[in-house]
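Read through the structure below, which is laid out as structure tokens, and then see the notes.
By letter and in written order, the chains are A, B, C and D; residue numbering begins at 1 in each of them.
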Amino acid sequence: NNPFILIGGPCVIESEEHTFYMAREISKITNELNIPFIFKCSFDKANRSSVDSFRGPGIDEGLRILKKVKTELNIPVISDVHTEEQIPKAVEVLDIVQVPAFLCRQTDLLVNIAKYNVVVNVKKGQFLAPWDMQSVIGKIESQGNHNILLTERGVTFGYNNLVSDMRSLVVMKETGYPVVYDGTHSVQLPGGLGCASGGQSEFIPHLCRAAVAVGVSSVFLEIHNNPTEAKCDGPNVLNLKNLKELLKQLKMIDSVVKN
Amino acid sequence: NNPFILIGGPCVIESEEHTFYMAREISKITNELNIPFIFKCSFDKANRSSVDSFRGPGIDEGLRILKKVKTELNIPVISDVHTEEQIPKAVEVLDIVQVPAFLCRQTDLLVNIAKYNVVVNVKKGQFLAPWDMQSVIGKIESQGNHNILLTERGVTFGYNNLVSDMRSLVVMKETGYPVVYDGTHSVQLPGGLGCASGGQSEFIPHLCRAAVAVGVSSVFLEIHNNPTEAKCDGPNVLNLKNLKELLKQLKMIDSVVKN
Amino acid sequence: NNPFILIGGPCVIESEEHTFYMAREISKITNELNIPFIFKCSFDKANRSSVDSFRGPGIDEGLRILKKVKTELNIPVISDVHTEEQIPKAVEVLDIVQVPAFLCRQTDLLVNIAKYNVVVNVKKGQFLAPWDMQSVIGKIESQGNHNILLTERGVTFGYNNLVSDMRSLVVMKETGYPVVYDGTHSVQLPGGLGCASGGQSEFIPHLCRAAVAVGVSSVFLEIHNNPTEAKCDGPNVLNLKNLKELLKQLKMIDSVVKN
Amino acid sequence: NNPFILIGGPCVIESEEHTFYMAREISKITNELNIPFIFKCSFDKANRSSVDSFRGPGIDEGLRILKKVKTELNIPVISDVHTEEQIPKAVEVLDIVQVPAFLCRQTDLLVNIAKYNVVVNVKKGQFLAPWDMQSVIGKIESQGNHNILLTERGVTFGYNNLVSDMRSLVVMKETGYPVVYDGTHSVQLPGGLGCASGGQSEFIPHLCRAAVAVGVSSVFLEIHNNPTEAKCDGPNVLNLKNLKELLKQLKMIDSVVKN
């Protein structure tokens, strides 16, 4: 029942400079509002819609930048891994290792991350019922690891659309593990642009308020200072300039719900 | 941007005594919390799952009781009509005439209610996209009637399940008409009990908080003092004893969102 | 296990001349292929998307034309009713009375048709699981009427889309009643054109072949000689010129499946 | 427009003996019916619901057995890979390399298989629209590989359920690549048993007939001689004893459709 944490940052590491800029700007806001902040940024986008999409700097350069953010700015960092090979390097740097939604059923990936006793954030697959996360949890717990976060990011609703079933947050909380609401991937329109995913960023604040009103441990947001120029997921990121106002509202709703 | 209104009451008129009891009990709570209250009760459940289901006292006896509630307790009343024949009688008594979700596309029903210039609350069909309510609105507006409420009550999500797409509230608000969130029918499991619909009343408070956090003009709740004995929709009604606590939370969230 | 029957015709009675033209043209083809044929045409489209949509000639003129088709061309006729008031007139003329999908749960409508011991064809609501048709059947059987047809016409699949779940045909057949596959409404894109429903007529033959391969008693098709000029449902009707080829294929598949 | 091919076999390699038994029994039937046959069996089930589920013999032992089947029985073999590391070994043995549905968007996996110019069978993710397979194809074609099969295995339809949208077969055929219908995974009830996926094997013949009637290049079936004892996917496999009858029907429908 602690106040919610922000997990946020740009979708992908565009450059060291941009990554630092975003981490600093977001942390200014979260410091001011007294909201715990974990910086999120991907070093590799391994399942982009198109083979030509920008993927990021790769694991070595990406982890170097994230480590620098962590050390110099004193902000915990989270990023996602896609293969077992990436795990040993990733756990050296990351405070939380994230498992992408499409990979949430890959037993070896889950088990091998779990072995390191790092915190694991598993995104619920778009194809999964919330109660089926119990089996995902079982794979991680099988290694004695109980540091688990569960993230809702929308469920398949017809073609090229996701719906945020707010009941899912309640069902996943019943596992006893903290639940995260991903307010930006939830507004994706998967494949909606033909060769890329579209998005409905106008719904981000609404869905985040709804999720916080249900009660979550964390809100996950992809944030960019210039969404139209973002190298990934531009159509569904939150514009940095709208972050402060949103977080203020979320904080007030959170305190109503948790008192 | 006014504070939300409660539209609430038992699913069906079980008896004059029970109807008055419920109207009084609910209005005690809403008076105390200073929440505007409209009493809802059906005189006929015309589309129950089974032919053997309880349907209510019928239109004449039902409207007699609702008129008495309205006059003696000074509470505005809303109820639903299912045929054009019921309309002239209904508009004599009701402050708001409700169109059931399954009937939201029946042109003659909509047009004939609209002619009376009464307030019309249309429940969005479980099969309808929120933007398609624009055509429903057009049917009512064609009669010069602009007193329209639009209600979200969940959308078909696979078999025997509904999901509350919170984006729908935002889309429907863009029509300019007040949006109502029906927090109890939204947790129905249609047909889920074989010969009747099941329900997940445990989700009612969560979904209502979410909807109010998105921003709605009204919350619609079916409420019963003894859900297990309710003659209709027992599995998805709110227990009267939980109403006050829920309304208090909703009021606080509402004030955060609308300030 | 009899060969399949064609229920077909234009969506709506556009004129007496056009109705006769269509009935004659279709029956020429079905006679040649030795396929039993029931002529379908609506006298009133009571739930069009828009208030301005063409609705048809109304019940009196419509039934007059259908009676003439029946008598002069010696073809059985089916049409749909929307209110209890229409029933006594309709049963005078129609061989089969059809209940529209949106109205498939309206108890009074079902019960009052059932009383006449006419054949009732109920379209499964887009919001209904196939096993839930058992309750619909129960309403008709409550009047001692066991002349029931059950029609699949697609189930809500996200927004503005329907999917034909072929399992539904099997589930409904287990009730013991004949199952009809509606191959043209199943390709509707409800509300997909803003003020009207779109359609994907290119899928009609594919879905009909699939349904017949599963095994059905009847295929239901809306057919028009000039789809782009059709006064209703143009985007999802079958072009008359493609009917013969389709029926030939269906007949061959039907005979494989039923032998 | 060639007659359809059977891709079939047990879900997982249970033992060398059982694998040979199944390959022989199936090929007896396909030889008799003159249906081309590719033997399918997995060496590792990498995304089972539960961490305790049986996974198979692993890649080295698994490929050894598959190679032996291929050489001794002269039957082409297909199996699935889950990581880039498995690819070089797999392409040494397999005639077709299969990409599991959950992994169908993993760029590196697709690209690295494609490099070997082997035939790639990609299962469409349960979360993907059929037209979005174009981007998947693009990843494979980027390596100059045009030996691609596309498999439909059902799309997410609410929780714990999949629906086979027969339109998907038509949409995917428009890419120009052969389309496979997976008639056994399509009847899975994902997660439906709590710690495992349920299944509705009674629908397998119906859905296969439907898919063949739409027109496919291949039918994919998991087959077991003793489904209740199968080490994987028992609830949704086809019983070996029903294979011959089904294939005979499919062959007749296929010839109707392709003539």
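Here is the rule we go by: a contact is a pair of C-beta atoms (placed from the backbone, for glycine too) under 8 Å apart; a residue touches a chain by one contact, two chains touch by 3 or more.
Being a predicted model, the structure only gives us computed values, none of them experimental.
Undergrad: By CA centroid distance, what chain is farthest from chain A?
TA: C
Undergrad: Compare the contact pairs of B-C with each of A-D, B-D or A-C and report the one sharing over half of them by residue number.
TA: Equivalent chain pair to B-C in A-D, B-D or A-C: A-D.
Undergrad: Can you check how far apart chain A and chain D are, centre to centre, with Cα atoms defining each centre and the answer in Å?
TA: About 33 Å separates the centre of chain A from that of chain D.
Undergrad: Taking each chain's centre as the mean position of its Cα atoms, how many Å separate chain A from chain C?
TA: Inter-chain centre distance comes to 48 Å.
Undergrad: Any idea how many Å lie between the Cα centroids of chain C and chain D?
TA: About 36 Å separates the centre of chain C from that of chain D.
Undergrad: Which chain A residues reach two or more other chains?
TA: 157, 159
Undergrad: Write out the stretch or stretches of chain B touching chain C in their complex.
TA: That would be residues 46-52, 55, 82-85, 102-103, 105-108, 111, 125-132, 134-135, 138-139, 142, 155-156, 159-160, 190-191, 194-195 of chain B.
Undergrad: Where on chain B is chain D touching in the complex?
TA: 157-159, 161
Undergrad: Could you please specify the touching residues of chain A with respect to chain B in the complex?
TA: Residues of chain A touching chain B: 157, 163-167, 169-170, 200, 202-203, 206-207, 209-215, 249, 252-253, 256-257.
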